[in-house]
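Take a look at the structures listed below.
In what comes next, chain A is part of two complexes: it sits with chain B in the first one and with chain C in the second one.
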Partner chain A sequence: MTITQAVRSTATQTPAPKRAGRVRSGTKRAASAYYWMVWPAVIAFAAFHTLPDIVGIFFSFTNYAGYGAWNFVGLSNYLNLFRDDRVLQAYGFSFLFAIVATILTNAFSLAIALGLNAKIKARNFWRGVYFVPYILAILVIGYVFQFFFSNSLPKILAGIPVFADNILTDQTWAWTAIVALAVWQACAFAIIIYLSGLQTIPVEMYEAASLDGASSWRQFRSITFPLIGAFFTINVVLSLKGFLQVFDPIIALTNGGPGTSTESVTLLIFRGGFSGGEFAYQTANAVVFFIVITIVSLFQFRVLQRREADF
Partner chain B sequence: MTSMTNTAPQLENELDAITAAPRRRRHKEADDDTRRTNWWATALIAVCSLTVLVPLYLAVVVALKTPDQLTSGTGFELPDPIRWENFADAWTRTNFPQALANTAFITVGSVVFTLLTSSVVAYALARNIHRPFFKGVFFYLLAALFIPFPIIMLPLVKQTSILGLDNQVGMIILYTIYGLSLNIFIYTAYIRSIPIELEEAARVDGASTWRVFRQIIFPLLMPMNATVGILTCVWAWNDFIMPLVVLTDPGARTLPLAQYVFQGQFNTDYTVAFASYLMAMAPLLIVYIFSQRWVISGVTRGSIK
Partner chain C sequence: MIERTRTTARAAALLAAASLAIGLGGCASSPGDGVTTLNFFQFKGEALEDFGEMIADFEAENPDIRIVQNQVADADTLIRTLLVKDRVPDIITLNANGNFGRLAQAGVFRDFSSEPVLETINPAVQDILADLGSFGEEVNGLGYVNNANGVIYNQTIFDEQGLEVPETWDEFIAVCDALDAAGITPFYGTLADSWTGIPSWNALGAYAAQDGFFDKMREQGENVGPDSEVSFEKNFAETMDQQYALFSYMQEGYRGKTYDDGNAAFANGEVAMLLQGIWATNPIKQVNPDIEMGIFPYPATDDPDDRLLVSGVDVVFTMGKNNPNEEAAMRFIEYAFQKDVIEDFAASQNMVPSVEGAELSDDPALQSVKPFFDDGRITGFIDHQIPPSIPLIPIDQEFLFNGNAQAALAALDNEWRKVAARTIPVTTGEDQ
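Now for the complex of A and B:
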């Protein structure tokens, strides 16, 4: 029932008081109170979100260093980005990190969610335990991981060279430690989303399937996975988008090092923009980053939703 | 939830139906599950949960050690003797009370303002979504979900310092505004499921739109208020990048920021540093332990629509 229908049905019954009558007569225009409810939010949002966006895009066409005078330089910031090894490396790292972390997060959290959805002892307790990482500041728990990687692991796994020499200072493998921390935290939320998806599947479906002799794997492939397709899509899209912008785990573990081998795009924008005197250059980088993330997200939605519909 | 002044009888019935529904469902779910206990799954889940518990264990035992004990072992050994002074040291060296007060102020302020503003905006949008203006505003706010923070980071810092908002109050404003997109998304879906007849009864009695919202809609929104409140609380408490770039005064430091700033100062003084980490994580962790089921159901409600 729409508002107008509801309005008509009640308006015919009772002669409305004057104030309420004004609300009802507005079939074309909403009551002014609704506008008062929305306008302040729109103005605040425009001032603190849209305005910085526009200012950023504006300065990306200049040579502003964050202070002093500036001139328009056209597209040269954008052209230079594609020739800058440090920028390209940051994109390479961010994508490698995000893809690996997304795959691991979704594999682990789906597996854990399946376990939590089975009939197990003390299910609520375990569910509570797996959610703990979500409520911890990743930076702070990241420092605990940093100690673990740099002080505990070298002693525990002294026989394995990569770990014995502190993996965080390893040019080739340091990124895997960041993946471990990021996945560790991201799983908490992903598990909850998968679990709520799994709980929408009626138990009877599995009973029917097992009566027909379907194996557990077959049941997962033919019932579970198709039915939680929407949850899979949302989890993959959200985690990839989040991981592409990785920042806190890097600060906690490697600070971008060794060298710049674990420098993500966000970290590069932060560093170059605030302390490198590259305000305009890094806002150009940010604009490109935004376009990249939007394209990746939309592409994912298309691919994953088409696959969802296939079932 | 039923503390309303002008309720018609059928309205109260509706309310009862709304509040009773989840309770009944939960009951049913427990009864329905006639499967046998799966011990393999239980064991697997228990073993895997060590990945969550071991880092927390490590944080606790290291925080209770003397520096000597730490250098001789891997860190996982039980502390003997226990050194409680680590906490006292961390308390003074990170200026813990100030960081805690800042974080608490920002978090409470953000949650309160978010609940008061997001719900009002969402209500106006949900009830007028068929009108072009409101639909436009809805998608305008929603589009921001696609814009990553790094884009606005650099200009935002300029803007907050020009406006004198590079402080705790500024943080509250920013969390309230940036949370709007997601919160409206969460609220509107729920508000549209609230029957409009509930409002009409009050309107017939002459209640204004604001009054309808305050006395009928807002109390009915309690489950979503919980969801939005939890998400905002965890975000504001743990956020690092926004305080890092926006806050300029050392006296305004939040807990995560204080850990970051003092990280360099701790150097290899791990035992004191860990005591400091524990104290930074403890408040939210303790609240979570006592409200675990409520928190998880709140977050779940936000993720399924």
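Now for the complex of A and C:
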């Protein structure tokens, strides 16, 4: 029985009409304990998330510098955003980075998850190993990677000019180093999700398929992949959303450089807003970015869910 | 059962209320014995002990004042949040950078123009502060100690090679060539830390920025471009060429090295010079305490008398407007500016004191820049005049990588135009 089936069956069982007369008042309104469980979270969410969001949106219509006096400036922050080539470049970088990193993360982690789901020796050990990157702090790993790219690789691959000259300072290719770090870390969690997906597939299906003479590739294409469709959707949506907001790996590796060639939207918002003193302007940028990410995520859900298999 | 839960809840609520009351009381309590407690906002981590000693000596002389030193990290952000919350510290020290200038322009600091202590300070230092920005004609800060941004050189290597400190641009290049010919790398580049390109840019650009370059830039605002009266493209071409020329004398692999690598390499005598400021001398000495080094200003000119030393006010004293403890705070500031007090502090921090007539420490690096302070031939850091929303450091780093000066200057002008166009000044101060 899958979770969905379990949920469905319990849902139909609950309004059992047995002692309807006496229990009705109880079933109509949930016990107050449930409210006490929900309210703190709602209040905390509103206080620390929704309210600041609204305040931020409010300030995006002003010329507030983060301190001192301010005026309303209407939509000019938003209009200026679209005229700012630095902002457009940051969006270009973020999307390029996010798309490449999402494809690589999902390809690698699906492959690794298939391996970890097979009956290999020391399976739990390997599962543990592949989960380690998720536990490590990305900034710490980032500095290890930075040392690797700027000191080790130039010596190991001294024959290849891009690596010999420290790829992090190469304007054209620095972003690939950031992709490498981000994918390396993101795979850990994606593998876990794929693994749990693979474990929901009944073994009988593969038995039946092999009796029918289906090749492994055919089994993957017709059984595995369709049946983990929901997990694929959630992984792709979460990765793309996470990679669009990339921040820490950039700070650790290139700090947006060389030049502004690896400046993501979040890095630009942080830099321009806090160190740059353009609080309101970058808040407007953040609002636009929020809308963009929401639209992208909703779009992905619609497209990907259409091709998920139900069983 | 229900009864018991209620009592527990009531007890918990009481406890919470009590702890809240204690918490609030703790903030508001003040000793009623006539001692004024001053809150001292101190940004400089390495000066914690020096200020601690200064405060102890001051309190010994002034038993009616108690000073609490709050050494803070990321002072520029914190002071803004304190200002927003209207919890302005009684005494403030800050690094006099562009941020200080903007805060001063916003009119949050006190006016010191009628204070007698102002008379004792080197006017050239106060000019640097005034250039950063102030509220009208006020004096919103008192420069305390200053740094110097020059070329650090290894005196032993210079003596061995029979080289003199260069005083013109041609001499500078000749020194580099001579070192190169002798098999000594002239400079150690550390561009993996992108900011390390900026000290030399500031020093070389200071010459181009004389005669009110930035005032004119601000006037032109969004009309800055190759055809305007002044622009980066028009006035800074030589600066870029000079900087690129210096970076051609770097060691192999200078793109991948960091600031710390550079200090260590210089300390161990691997290179003859560093394009850094006086702040690097302390870390260098930690690696090699016996090194003999000096500092000379970037001679980006043909006339030795035109040389300028770029100096920043490393510590500026100020306080908030309408400070209730103004009198007591002023007494501490006056104490800090006494000659012997500032001399001790500056010597320990390896900085140049602002008070006229105060002696510098015997450190040869400091002594080598002394004449420039005495003659007032100092000028401020030009990057403090550039809005921080312009990505100056990345643009300069990119230029040093690819050598495309025209593109870098056009990018700076473009950013300047955009920032000017989207910066909408606050029209009234009452609209909060």
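For the reader, a short list of remarks on this structure follows.
Criterion: the second predicted complex is superposed on the first by the 267 of 311 C-alpha atoms of A that agree within 3 Å, B and C clash if a C-alpha of one lies under 4 Å from a C-alpha of the other, contacts with A are read in each partner's own complex, and residues count from 1 in each chain.
Note that in this section a contact is a pair of C-beta atoms (placed from the backbone, for glycine too) under 8 Å apart; a residue touches a chain by one contact, two chains touch by 3 or more.
Not measured: the values here are computed from a predicted model.
In the superposition on chain A, A:287 makes contact with chain B only, not with chain C.
Look at A:274: by the touch rule set out above, it reaches both chain B and chain C. Of the two partner chains placed around the shared chain by superposition, chain B and chain C are both touched by A:151.
When the shared chain is aligned, chain B comes close enough to touch A:248, but chain C does not. Contacts of A:106 after superposition on the shared chain: neither chain B nor chain C is touched. Contact with chain B, but none with chain C, is seen for A:120 once the two complexes are overlaid on the shared chain. Contact with chain C, but none with chain B, is seen for A:83 once the two complexes are overlaid on the shared chain. Residue contacts after overlaying the shared chain place A:37 against chain B, while chain C stays out of touching range. When the two structures are aligned on the shared chain, A:257 is found in touch with chain C, with no touch to chain B. Within the superposed three-chain arrangement, the count of touched residues of chain A is higher for B, of the candidates chain B and chain C.
Where the contact sets of chain A with chain B and with chain C meet, they give residues 66, 151, 274. Residues 29, 32-33, 35-39, 41-42, 44-46, 48-49, 51-53, 55-56, 58-59, 62, 70, 73-76, 117, 120-121, 123-125, 127-128, 130-131, 133-134, 137, 140-141, 144, 146-159, 173-174, 177-178, 180, 196-197, 200, 203-210, 213, 234, 237-238, 240-241, 245, 255-256, 259-260, 263, 270, 273-274, 277, 280-281, 284-285, 288, 292-293, 295-296, 299-300, 303-304 of chain B touch chain A in their complex. Against chain B, the residues of chain A that register as touching in their complex are 1-3, 6-7, 10, 14, 16-17, 19-20, 23-24, 30-31, 33-35, 37-38, 40-42, 44-45, 48-49, 51-53, 55-56, 59, 66, 112, 115-116, 118-122, 124, 126-141, 143-145, 147-148, 151-152, 155-156, 184, 189, 192-193, 195-197, 199-200, 203, 234, 241, 244-245, 247-248, 251, 265-266, 269-270, 273-274, 279, 282-283, 286-287, 289-290, 293-294, 297. Those residues of chain A that touch chain C in the complex are listed here as 63, 65-71, 73, 76-77, 80, 83-86, 150-151, 154, 165-166, 168-169, 171, 255-261, 263, 271-272, 274-278, 281. Chain C contributes residues 77, 80-81, 83-84, 99, 102-103, 106, 108, 191-192, 194, 253, 255-256, 387-389, 391, 394-395, 397-398, 401-402, 414-415, 418-419, 421-432 to its touches with chain A in the complex.
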